Structure formats: C-alpha cells, structure tokens
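We just call them A, B, C and D in the order they show up, numbering each chain from 1.
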Amino acid sequence: MTAAMVLDVGLALLVVAVAVWIVAAGSAFAAVVGFVSFGLLLALAWARLAAVDVALTEAAIGSGVTGALLMTAASRLRPTESRSAGERPGAFLHVVAAVLAVLVSAGLAALVLIPASPAPSLAPAAAVHLPELDVLNPVTAVLMAYRAVDTLLEKIVLLLALIGVWSLAPDRFWGGAPGLWPRSRPDGELTLLARLLPPIGIVVGIYILWVGAIAPGGAFQGGAILAAMWLLIMIAGLRPVPEIHRQWLRLVLVVGPAVFLTVGFAGFFLPNGFLSYPAQFTKPLIIVIEVVLTLSIAAILGLLVAGPPERERQR
Amino acid sequence: MNAATLYGLCSAALVGLGLFGAIVHPQPLRKILAFNLLGGGVFLQFGVIARRGAAAGMGGDPVPQAMVITGIVVAFSATALAVTLLLRLYQVSGSATLSIETQSSSESDGGGR
Amino acid sequence: MAEFLIAAAGFVLAMVALGLARILRGPGDADRMMAAQLLGTGGIAALLLLAAGTDVPAAVDAALTLALLAAFVAVAFVNNAPRTDAAERRATDG
Amino acid sequence: MRVLFDSFTVLAVSAGAVFFLAGTVGLLRFPDSLSRLHALTKADNLGLGLVVLGLLPQATGPLVALKLITVWLLAQLAGAIVTQLVARAVRRENQEA
C-alpha cells in the first residue's frame, strides 16, 4: 500500500463523511458550511484524478461562489427553519427513499466495478488537431474549438439564469440595485481586505485566463476569481452595487456571448460552417473570445450572487 | 483497486446520499443542497470515466472533463435561480415551504387567493 | 521524495479532518466559521504538497485560486452568520 | 547539493505538519471559541508557512517559487483579517448569550 493509496482512501472517505453531514446537519447554515468543505475536498479529488482544470473550476465556482450564494440564502431563511421541522415526512417515505438511494448507488457502483474494456476515450482524437489550433491545453481546445457550441449554449444558460433572477424582483424595484448583504457599519478589517486582496486577485484571475492556453485554467476559472473580487469590493462598500438598468452593465453582460455568436456565424461565410474558425486566425480568435467571455462571465456570476434588485431605481 | 475505481465508488455513494436528502428534507434549501451533492457525484463519475480514458500522453480524456466544467457552471446558474425563487417565495408568502397545507393556510392569512 | 510529500499531504488532510469534526459540531456559528479558514489552509497545503509530490505543477494554480476564494467565502460567512442571529433574538425577545 | 535540498524539504515540511497537528490538538482540547481561534491561527501561519518554505527548493522555476510565496502571503493576509472578523463575531455571540 503506497502513500498515494492511503491518501486516496482517506480523501474518498472524507468526501462521503462530509456529504453525510450535509444531509444530516441540524441547521441549514451548518449544512452550507459542510457544502463549502465538500467543494474544497472535491477539488482535491479532481487533482488526484488528473483533472486540474476541473479542480480549478470546482474550487472557484463549485465551492467558492456557490458557497457564498447558499450562505446568504441560509441566513435569510433561518426564521423558517423551525416551522418546517413539523413537515418531516414519515418513516415510510424515509424507508422508501433509502431503498431507492441504495439501489441507485449500487447500480452506479456496479458500473464502476465492471468497466468497459477497452475504456472509451476521445483523447487520441483530441490530440490530433492540437498543433493546428496552437492550444496546448486539451480541455481548453475542447471547450473553445471542438465543442464550442456547448460553451456558447452554456453562456446563454448563464444569461437566461440572470434574466430569471432579475425577473423575480418586485415591479417597483425594477432597474434598481441588487441588495447584496448591506452592512450597517463597515468594519476597518473588511475594508482593508477589500483594498488589498482585489489587486492581487485580478492579476491572478488574468494569469489563470492566460495560462489556460497551455496549462489548466481558462475563461470560467479566471472569470469566477474576478467575480469574487468584484463582490468583495461591493460587500465592503468601496464601490456601490450597480443598478441593473445601466447601459454599460448590460453591454458587459452580453459582449462575451455576442462576440462568440458573431464569430460563430462568420464561420458560415469564411470557413465551412457554424463556429469553425479560419485556419490562420484560430489562435487570435480564441484569445479574443476568451477575453470577452471572461469579462461577461465575471459580471454574470457576480450579479447572480448579488441577486434580484432590492432597491428602488435612483433618478 | 486503483484510484479511479475508488473515486467511482465514492461518487456512487454521493449520488445516493444526494437523492435521499432531496427526497426526505422538507426545507427547499436543503433540497437544493442535496441536489448539488447529487450533481457532484455525477460529475465525479465523469471524472472517473475521463481518468480511465487516459491516452495520447494526457492524464485523462479531455472531453468528459470539459463537459464537467460546463456542468459545474450550469449547476451554479440553476442553483442561483432556485435560491432566488425560494427567497422570493419567502418574501411573498412569509414561509418557505413546499407543503400544500402550510402554503394554503399562509395564503388565506394574507387575504385568500 | 515524492512518497514523503504525498504522505505529508495525507497527514495534513487527516489533521484538518479531525479539526473539522470538532468545528462543525459548533456550538456557535462562530466556531463553524473557523471551518472555512481551517479547511482552506489545510486544503491549500495539501494541494501544494501534491503538486510537488505527484508532479502536477498546475495544482499550484489551484492552490492560488483556493487561497483567494477561501478569503472571499470567509467574508461571506462573517457577513451572514451572526448578524441574523442577533436580529432573530431581538425578534423573539420583543 | 540535491541531498541537502531534499533534507531541508523533509525537515521544514515535517515541522509544518507538526504545527498542523498542534492546531488540531488545540481545536479539540481548548474549551472556548477564542482559544480555539488562537489554535487555528498556528496551523494557518506557521503550518502553511513551513510547508511553503520546505517546497521552495523543490520548485521547478522562479515562477513556481513566486506562486508558492504568493499563496502563503495571501493566506497570511486573509487569515489575519478573517480571524479578526470571526473574533468580533465570537464576542458578539458572547455578549448576547
């Protein structure tokens, strides 16, 4: 038994233990704390599975940004917790749910234990065109070139989610600014953190975006870091939360998907189809798309956490 | 047993736990959490498939990995929308429950339908 | 060398897990807030050790991301936990 | 030279691990939140600091070394400030209880 094996067994057990905590915890806030830990441990597991790109995404979005979002919700919904305790389903439903869960788990475990042989893989196919694309990170190549249509649609999903969140605002607040945990009195420490951390964070975010071409990293991960830094500045009150009717804000939100779509449609006329890049411009086009996408992703993620408008529009 | 199989079993357990939590928890927020747990398990399953497909000098098959990255982002958008819906429900009805009895009683408190 | 670094990562993770078990039990939410801090630091250390031990240099970038996001999440904790507690107590008292 | 570097790494990383151990023992044994917070900061500052110090000789280039140091500085900065905020929350909880 090697050290790596012991580490893997321990990590897998720990992930399951934290998952049990999330389901069993007494209060929603405690469960959310468990969820943040869960995301962090999953990031370690992804690194062990040789998927550092995913580890970065999990650390940034899965644990960090989602954790912040759920924490807000848990603290706002705290008054409702004791009331819903009486709505716990009976023993019968518990047993049925447990049996169902065990069956599903057993089925998945069987799939894992009886692997297909040889294991299916698209890695060789992905490797063939990497030199042409001049993108050395295969995951970025898949996201930006081979399966670019998935990435484009995912941006649309992000935008739709934001529109959905905004439409839940009461009419009188339409066009106003999101609430985002307004603090009654700003602490000196928080202000200090919000002044010191974002400059470093922005450099790291841009670095993660830039390194995405040759090593794990890319638009999502960089965008999530930028979003977290923006949120930090707004939480500390150093910059106001923007009102959602602002033209510049809406421009930033759509510029990424819009450029991506334009390049995609241009593919009809220049090369040979939707979302195919002209051979000599592949690398520059991918870089341009990634840069604007990062900007849009950062803005959308930040505003999704900030929630629907909760203040009236200022004239 | 290699690392991929181990994490595969771990992901199977996560899916089961998430499913159980999503069914039995009365609070919608806990259901959302459990659903994210379930999603995490499914993503990990993709990771295992990717790891087993290691070839051509890559540590894993990049296609499932890229799909997981897309999946994580989409899961976040869905969570954000669900949480906002829930908060709005609480704002409007004064309760955050999916139970029909409690829902209708709080509606009649507020002046009926 | 690699074996030692991986073992060290496992040890740090085990320590963090023990601390986590204590912290999650509470009793107050302030204790739980420490969980983010503890696990953040432990996770960063484990990732850095793994990056060197298993020759995955990119894991250092993941640690960097974690360091930034852990700070952000900790701020989210502090902003959301105790203030509502106080508001709730006032509501039940008055 | 290699042996010297490697033994330095073993020494510093082990020392860091000891601080993580100390931090955890403190968390398990200390009776109140503020002392637990104190124990936590030991693991934070010295544990991570010594691990980073130990990994520096293993770094493959100046960029990696720079990133290692940045990680530690970030953890320091965030740790110091977040600890303050948590301590304040603990005091509020105590006052209200």
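The rule we apply is simple: contacts are C-beta pairs under 8 Å (C-beta built on N, C-alpha and C of every residue); 3 or more make two chains touch, one makes a residue touch a chain.
The structure presented is a predicted model; accordingly, all values stated were derived computationally and were not measured.
Trainee: Could you tell me which chains make contact with chain A and chain C both?
Mentor: D
Trainee: Tell me, please, which chain's centre (mean of its C-alpha atoms) is farthest from the centre of chain A?
Mentor: Following the centroid criterion, the farthest chain would be D.
Trainee: A-B versus A-D: which has more C-beta pairs touching?
Mentor: A-B
Trainee: I'd like the Å distance between the centres of chain A and chain D, where a centre is the mean of that chain's Cα atoms.
Mentor: The computed centroid separation for chain A versus chain D comes out at 27 Å.
Trainee: Give, as an integer number of Å, the spacing between the C-alpha centres of chain C and chain B.
Mentor: About 21 Å separates the centre of chain B from that of chain C.
Trainee: Averaging over Cα atoms per chain, report the distance between chain A and chain B in Å.
Mentor: 13
Trainee: Please work out the Cα centroid separation of chain B and chain D, and write it as a whole number of Å.
Mentor: Chain centroid spacing, chain B to chain D, equals 32 Å.
Trainee: Could you check chain D for residues that touch two or more other chains and list them?
Mentor: 70, 74, 77-78, 81-82, 85, 88
Trainee: Give me the residues of chain B that touch two or more other chains.
Mentor: Chain B, residues with two or more chain partners: not present.
Trainee: Considering chain C alone, which of its residues make contact with at least two other chains?
Mentor: Within chain C, residues 4, 29, 33, 40, 57, 61, 64, 68, 70-71, 75, 78, 81 contact more than one other chain.
Trainee: Could you tell me which shape the graph of touching chains takes: line, ring, star, complete or other?
Mentor: Drawn as a graph, the chains match no named shape, so other.
Trainee: By the document's touch rule, what are all the touching chain pairs in this structure?
Mentor: Every touching chain pair, ordered by label, is A-B, A-C, A-D, C-D.
Trainee: Which bits of chain B are touching chain A when the two form their complex?
Mentor: Touching chain A: residues 3-21, 23-27, 29-30, 32-34, 36-37, 40-41, 43-45, 47-63, 65-70, 72-81, 83-88, 90, 95-97, 99, 102 of chain B.
Trainee: Please give the residue numbers of chain C that touch chain A in the complex, ascending.
Mentor: 3-4, 6-7, 9-10, 13-14, 17, 20, 24, 26, 29, 32-33, 35-36, 39-40, 43, 46-47, 50, 54, 56-59, 61-62, 64-66, 68-73, 75-81, 83-84, 88, 91
Trainee: Quick check: in the complex, which residue numbers of chain A touch chain C?
Mentor: 2-4, 6-7, 10-11, 14, 17-18, 21, 25, 29-30, 33-34, 36-37, 40-41, 43-44, 47-48, 50, 52, 55-56, 59-60, 63-65, 67-68, 71-72, 74-76, 78-79, 181, 183, 190, 193, 197, 200-201, 204, 207-208, 211, 215-217, 221, 224-225, 228-229, 231-232, 235
Trainee: Quick check on the complex: what are the chain D residues that touch chain A?
Mentor: It comes out as residues 70, 74, 77-78, 81-82, 84-85, 88.
Trainee: Can you name the residues of chain A that touch chain B in the complex?
Mentor: Listed in rising order, the residues are 4-5, 8-9, 12, 15-16, 19-20, 22-23, 28, 31-32, 35, 38-39, 42, 45-46, 48-51, 53-54, 57-58, 61-62, 65-66, 69-70, 72-74, 76-77, 80-81, 83-85, 87-89, 93-94, 97-98, 100-102, 104-106, 108-109, 111-113, 115, 119-124, 126-127, 138-139, 141-143, 146-147, 150-151, 154, 157-158, 160-162, 164-165, 168, 218, 220, 301, 304-305, 307-308.
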